[in-house]
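Got some structures for you, see below.
Presented sequentially are two complexes of subunit A, the first with subunit B as partner and the second with subunit C.
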Partner chain A sequence: MKLIKLISWQYARTHKLRSLLTMAGIVLGVAVFVGMHTANQSVMAAFSKTVNRIAGATQLQITAGEAGFDEEVLERVQAAPGVRVAVPVIEAVVNLNLRSQSNILILAVDLTGDRSLRDYTLEEGDDTVIEDPLVFIAQPDSLMATREFASANQLAINSKITLDAMDGPRTFTVRGIMQSSGLTSAFGGNLAIMDVYAAQKVFGRGRKFDRIDLAVNEGEPVAAVQARLGQMLGPGFEVDPPSARGKQFEALSSVYGAMANLTSMFALFIGMFIIYNSFAIAVTQRRSEIGILRALGASRGQIQTLFLAESALLGLAGAAAGVLFGLLIARGISASLGEFLGEIYGVAQRADEIASDPKLLLGALAMGVVTSLIAAWIPARGAAQVDPVRALQKGRYQILSAGENRVRRITAFALLGVVVFCLFFTQNRIAFYGGYFLTVIAGLLLVPTAAAWLSKALRPLMKTLAPVEGTLAADSLIQSPRRTSGAVSALALSISLVIALGGMARASYDAINEWMRVAFNPDMFLTATQNITDRSFRFPVSFADAVREAPGVRVVQLVRNGRLQYNGGPVMFVAVEIAKLERESFLPAVEGDSSTMYKRAAAGEGFILSDNFAQLYNVHLGNPLTLNTPNGALTLPVVGVVRDYSDQKGTVLMDRAVFIKNWNDDSINIVRLYLQRGVTVEATRQWLEQRFAGKTRFFIFTNRDLKAYVTKITDQWFGLTYIQLFVAVLVAVLGIINTLTVSITDRRRELGVLQAVGALRNQVRRTIWLEAIAIGVVGLLIGFLFGVVALYYTIEMSARDFAGLRLEYTYPWGMSAALWPVILGAALLAALAPAEQAVRGSLVESLEYE
Partner chain B sequence: MSKYALLLAVAAMAQDARQIVEESQKRHRSSSQRYEGVLQVFKPNGKNSEKRWQFSRVGNYGESKALLRFIAPPEVKGVALLIVNHTDRASDQWMWLPELQRDRRVALQDRSTRFFGTDFSYEDLEERDVEQSDFKMLGEETVEGLACWKIESTPRKTRASQYAKVVMWIRKDIYFPVRYEMYVKDQVLRRLHYRRIEKTQGVWSALELDMEDLRRKGRTVLKTEKLQYNVPVKEEMFTLQTLRRGE
Partner chain C sequence: MVALDTVDLRIDKGEMVSLVGPSGSGKSTLLNLIGGLDRPSSGDVEVDGARLAGISDDELTRIRRDKIGFIFQFFNLLPTLSCLENVSLPLHLRGWPAAKIADRAKELLTLVKLDKRMEHLPDELSGGERQRVAIARALSVYPPILLADEPTGNLDSSTGAEILDLLRDVHQSLNATVLIVTHDRGVAEACPRRIALKDGLVVKDERG
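Then we have the complex of A and B:
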């Protein structure tokens, strides 16, 4: 401790900027980790809070995926032994176009029994209505709002709200305003209560419910009732405590969580190189100090501990700052994340509070310290091995011995041998990820050799460009491989991340565009909601019959999609008229024969799977696939696999008749319209609007609209990637600034000598600038090479574990080209301050340095 | 010897209590009934409400079918309730909502819930089957100048009830109940008074039921008007189809 106070603290104080820059990598990595995870957790926590508050005294909930179930199920559940009270529920998030512009969660319940489960204490309203559920349900336009929602929208008792119901706009009357309580704070307070039977009409649910909430008899074990109901209802139903819904939501957005982990891990990994670099240089610079300490009797262990303690403190400080910064940015991220998840997964959730999990924060602190310790381990070991006699001699020590380099190269090639084995001789997941890790290590071990080789190769060019400055800059890099390789490694890793993510994004866009070209070829789409991922409202089948009357419509395709549980995970189902699909938007089979696939699926003899479903669940052509339906388990063979990007969790396509028969549901989400030649979209739109305006709730998307919408969602998804790219580039730039600052300090005497013998300030500046640019060039070239491998692994990871998407390997040449000016510009910018530092200092002090 | 005598006396009293309750139910049976009801709810906050309905019943005690159609106030006019009573289980109920033009099943699962904002719980409105309770004679008392038996009824374990016990006062002269006290644990939760007891077409009836909820401090009065017994009522009136037709 004394040594830290006497030596390390003094050193940190004298090199404030460097210490800050060294910390910056940790700050950024931890901040990204904390920010993204806290935002994610906040949204999850808000969802769970909403679920819990809405659940009230509910002990079990019964669902059957998004398809819902018939009313008769309620009677069976109510009559089941052990059930004290069971009530039906419909839940939907709608936008009422009110003042606050917020979405509102409509909780539709049966008030005759529901008050046993939930507390609807009202502060305002006609007492008759409130006290007497009969009056509320007898008037199906009744709505109870929360105090929070009423205030935000200036609503009072008897205020009217217009809601676009399936059968046209309907006016609702606020008949009660609920007192603030647990229930009313659900969904950020944007909650309204409606009668469940009125909601069936409003949302086009027919005679179906979304869910049954129930409480068991006093003294009855919940688990026993759960098991009994599960057995009674069969596999098509899920009987779970309310908390399970939070887990389902979490499972749905797990890809986002994985992306958040990946980004922060990469940022930390890159940050590790900055720390490694700084410590390696610090050890070199402080070797005389180490020599004195050793001469005074300090043991090797004490020296190593001193450096490790320094790094731990640095890591702790950086992680603490990162945690604070992360919590700050979490608010901003979570604000948009809820909306974003709603757009992608159709499950809207707003997070008004930041849920900071102490475990996450402690974990982040530990992560910062551990990262810092790992990064400082080798330099600390190096410091411990410093020979006191050599250390007390003046001179620089930035040269890697030939032997050291050879060992690194041999190790790297040996590791690459293991990687090849992992890749080609085993499909094991640990071997795959281990292979990726070893590839990174091997690449990093080769960086000093490659950097030195490239620096040497650049020397003639730099000499040609600027004979004195270019030569000095190139020599500085060649003679200080330790210093150079740290910055180059950090930069190369960042570049490889950019290439991998950019390549992945490019490949995804190409694949999605190609899929949209074939699958989204109708002229028009009619949907019941403004957002195609939201399935709160559904058309009755009679709507499609009326649409068929539209003049000039060649084909009307009916689509019903939604989510159901498969193997404990949420997957998408799409029920469509397969025969029409084959004729109008033929997606070729990637497994199986296309013609047989469509024929069998149209005959109801099998399922067609999306490629990602097949990958994620390892179900392929010919395998039996069992889906749980309200009528029991439905097992059909997989008759083909197609490239389909409808959902990240995988999609099962089935014929509409199969769905209607097994789910007892003929409602529709989307109507796809193909027009006759010569008939314009505009004319059809006008006809539809005239025919259905005020009678049916519907939204029209043209082909272009829908493609733009899907592209927008894809853009939102890859917006995360751009955050990753930004973080990667930022960390890399920090690395360059750090390296140059260290380099300037390290070469203070050399630069002083140069100025003393007549070098102009501009020449010194240019030397530093060129050195930065050279680091940029070397980093870019090595990074591009790393990128080739990183892209391969990213695409494989995506196919194997994240979304099951098989994407074409396409190297992003355009992005690589765009990186040149970005990185070189950033390198130059990073060099400005260090260059000024180099020329502004006192010449005498510089010459006295060391 | 004295122990046996005491046991026999207790058994005899228990038998008496049951017989009295049975007799009370038997005496006031009718094959059908029709009336117009006025339901007045007096709330502790002074906000009172009133509803009116037409009631028809067919069948005997415990196995009857009833149809209740609201006629006022305008918010609930046309809402109808079909009740099918069973001897062995809770009744089945369906409600017709004219605004929605559909019927819905009313599940009487939580029988302790208040009946549509009144001080009656669903359980209070059920026809009580003597076989589902045990009875104990508590003695004799005078209620409003009339001699009554005071009988305690406790639900048998097979019959779940919100009440630990119900104490009833039955008039000795006509075997007609005049008061009930419903207990939760050892506290009286509700008190029901039978008032305006009159003979209509040979059947004794209370034309006014007054229920007090002692916890909520609320009171509900159910008044019976235009009461008729043994009127010709068709069985098909008490079906879902009729309910849906809104007749």
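Then we have the complex of A and C:
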């Protein structure tokens, strides 16, 4: 500790800017980690909180995916042994177009039994409504709102609210305002209670419920009742405690969580190079100090410990700052993230509070310290090996010895040999990820050599462009590979990430566009909700019959989609008239014969899987696939696999008849309309609006609207991934600033001479700018090369472990071209402050600087 | 701390002057002020009709670039540049055309007898050779004034004598004004005018 105070602290104090820049890498990495995860956890926590508060005294909940189930199930559950109370529930999030413009969660219950599970104490209103539930039920236009929602929308007792129900607008009356309690704080307080039988009509549920909430008899083990009910109802039903819903949502959005991990890991990884670079430079610059310490009796171990302790403290300080920034980031993004995840996954929630998990924060601190220690390990070992006699002599130490470089090259090529070997066994997860890791290590080991070669190659060009400034800038890079290789590595890694993500985004856009061209070719889409991923409302089948009457409509396709559980994971099902699908929007089979696939699926003889379902669950052509339905397990063979991008978790396509038969549900989410030639969308829209206005709730999307919507969601998704690019570029820019700050210290005398022999300030600035640009050019070239490999692995990772998407390998040339001005501009920006530092200060001192 | 105090000095065009004095007497500071590397806290310096007080850094650099050649004790050559590139450096900074630069740099390296070493790096030269390169660089832009700070301080006596001869040749052939800061009595005596400093004051100024 004494050494740290005497030596390290003094060094940090005199090199404040560099210490801050070194820390910045950790700050960013930890901030991104904490920010993205805390925001994600806040959304999850808000969802779980809503679930728990709504659950009240509920011990078990029964669901059948999103399909719902018939009323008779309730009777069977109520009669089951061990069940004290079981009540039906319908839950939906709707926008009432009220003053606050907030979505509201409608909880529709049967008040006759529900009061034993939930507390509905009113602060205002007619208590008789609640005292005698029959009064509430007898007035099916009753609604109870929370105080929060009522205040925000200036509602009072007997206020009227109009709700677009499936059978047209309905006016509800606020009959009670609930006292603040656990229940009323669910969904940010935006909650209203409605009668469940009224809700069936409003939301188009027919004679179905979404869920049954129940409590068991006193003294009865909950697990025993759960097992008994599971057995009684069969595999098509999930019987779980309320907390399981939170886990399901977590599983649903796991791709987002994985991406958050990837982003922060990458930021930390790049940050590691900045620390490595700073420590390597510090060891070089402090070699005489190390020599003196060694001459005074410090052991190698003490020197190594000194540097490691420095890095640990730096890491801790950086991580602490990162945690604070991360919490601020989370505060800023959690609400919009909640909305975004809601749009993607169709599960609405509100994240108004930040849920900071102490374990996550402690983990982030530990991560910062460990990253810093790993990064400083090699320089610290180098410091311990400094020869005191050599250290006390003046001389250049920046040049990597030929031997050292050769060892790096040999190691790199040996590792690449192992990588090639791993490529033959990519089915094995360890071989695949091990191969990726070793490729990165081998690439990094080759960076100093490649950077030196490229700098030498650039020298003539730079000399031609600016004889003095260009030559000196190139020479600075050539002479100091230790100094530049860290910054070049960080930059190259960032660029490779940009290429990998850019390439994946390009390939995804291409694939999604091609899919949309075929799958979204109807002229119009009619939906029951404003948002196509939301399935709160459903059309009765009679709606489709009425739509068929529209003049000029050539084909009407009925679609019912939703989520169900498969192998413990949430997947999407799409029930559609397969024969019409084959005729109108033919998606070719990527596994199996297209014609047979459509024929068999249309006959109800099998399922068609999306490519990502097949990849994620390893179910392929000919394999049997079992789905749990309210009528029991349904096993059919996979008759084909198609490229379908409906859902990140995979999609099962089945014929509508199969769904109706096994799920007892003939409702519809989406009606796809194909118009006859010459019939305009506008004319059909007018006809539909006249026909259904005031009678049925519906929304019209044109072909262009829907494609724009999907493109918007895709943009938002990739917009999220572009955070990675921003972070990566920012960290790389910090690396360049760090390197240049050290460079101008190292070259202080050289720059002084330059000014002494007549260089104007701008000429000195130019040499620093050119050095930054040269680092940028070298980083770009190496990064593009890394990118070729990173793109391959990213596409493979996406196919194997994230979304199961098989994408074409397309190198993003356009993005590579766009990166030139971005990175060189950023490099130039990074060079501004160091260049100013270079031209300020005493010339006499510079000339005497050693 | 006062490095120079009440120094009132005039050096005429074409003079060759030595500045002597013990360490800390202010001779290097005086040289730096004349060369525009440093600025006085008060007073003024006039070089070839140009007053240095109050002018901008870039104006000062232009005066340095056009009127002054520097020779340093530790040569201050740029280690990554060849002899030819080091000598060409000030010419490039003045924006001379490339062909003219090469001709001039070769001419100067021939003048300092290094025509066989043009492509060598400074590390590959002896101390005397490095100082010759530094002198060639200082002469590259035909400066009317040459300032040398201990030009022989880092050389053995015979090499030092060679460098002194070279400076005298330059002085005579180019009619340049030469000011040499030195600890070496021999170098000082070789100059027609000798100025001695002590504690920041001129204590002796003799000619002949």
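Methods note: the second predicted complex is superposed on the first by the 845 of 850 C-alpha atoms of A that agree within 3 Å, B and C clash if a C-alpha of one lies under 4 Å from a C-alpha of the other, contacts with A are read in each partner's own complex, and residues count from 1 in each chain.
Quick note on the criterion: a contact is a pair of C-beta atoms (placed from the backbone, for glycine too) under 8 Å apart; a residue touches a chain by one contact, two chains touch by 3 or more.
Being a predicted model, the structure only gives us computed values, none of them experimental.
*Asks:* In the superposed arrangement, does A:Ala86 touch subunit B (first), subunit C (second), both or neither?
*Replies:* Only subunit B; A:Ala86 stays clear of subunit C.
*Asks:* Please work out whether A:Gln763 is in contact with subunit B alone, subunit C alone, both, or neither, and reply first, second, both or neither.
*Replies:* The answer is second: A:Gln763 touches subunit C but not subunit B.
*Asks:* Touching A:Asn95 in the superposition: subunit B (first), subunit C (second), both, neither?
*Replies:* Touch partners of A:Asn95: none, neither subunit B nor subunit C.
*Asks:* Counting only touches as set out at the top, which of subunit B and subunit C does A:Gln78 meet: first, second, both, neither?
*Replies:* Touch status of A:Gln78: first partner only.
*Asks:* Check whether A:Lys201 is in contact with subunit B, with subunit C, with both or with neither, and answer first, second, both or neither.
*Replies:* first
*Asks:* Examine A:Gln479 and indicate which partner it touches, taking first as subunit B and second as subunit C; both and neither are also allowed.
*Replies:* Only subunit C; A:Gln479 stays clear of subunit B.
*Asks:* State whether A:Ser116 touches subunit B only (first), subunit C only (second), both chains, or neither.
*Replies:* first
*Asks:* From the superposed pair, tell me which subunit A residues show up as contacts to subunit B and also as contacts to subunit C.
*Replies:* Common interface on subunit A, subunit B vs subunit C: nothing in common.
*Asks:* Under the definition above, what is the set of subunit A residues touching subunit B in their complex?
*Replies:* Subunit A residues touching subunit B: 71, 74-75, 78, 83-87, 110, 112-113, 115-116, 127-128, 131-135, 137-141, 197-198, 201, 217.
*Asks:* Touching subunit A in the complex: which residues of subunit C?
*Replies:* Residue positions touching the partner: 32, 35, 37-38, 57-58, 61-62, 64-66, 70, 72, 76-81, 85, 88-90, 92-94, 98, 137, 141.
*Asks:* Please output the residues of subunit A touching subunit C within their complex, sorted ascending.
*Replies:* Contact set of subunit A toward subunit C: 396, 467-468, 471-472, 475-476, 478-479, 749-750, 752-763, 839, 842-844, 847.
*Asks:* Over in the complex, which subunit B residues touch subunit A? Could you list them?
*Replies:* 41, 43, 45, 47, 49, 70, 75-76, 79, 95, 97, 99-100, 102, 104-107, 109-110, 113, 116-118, 160
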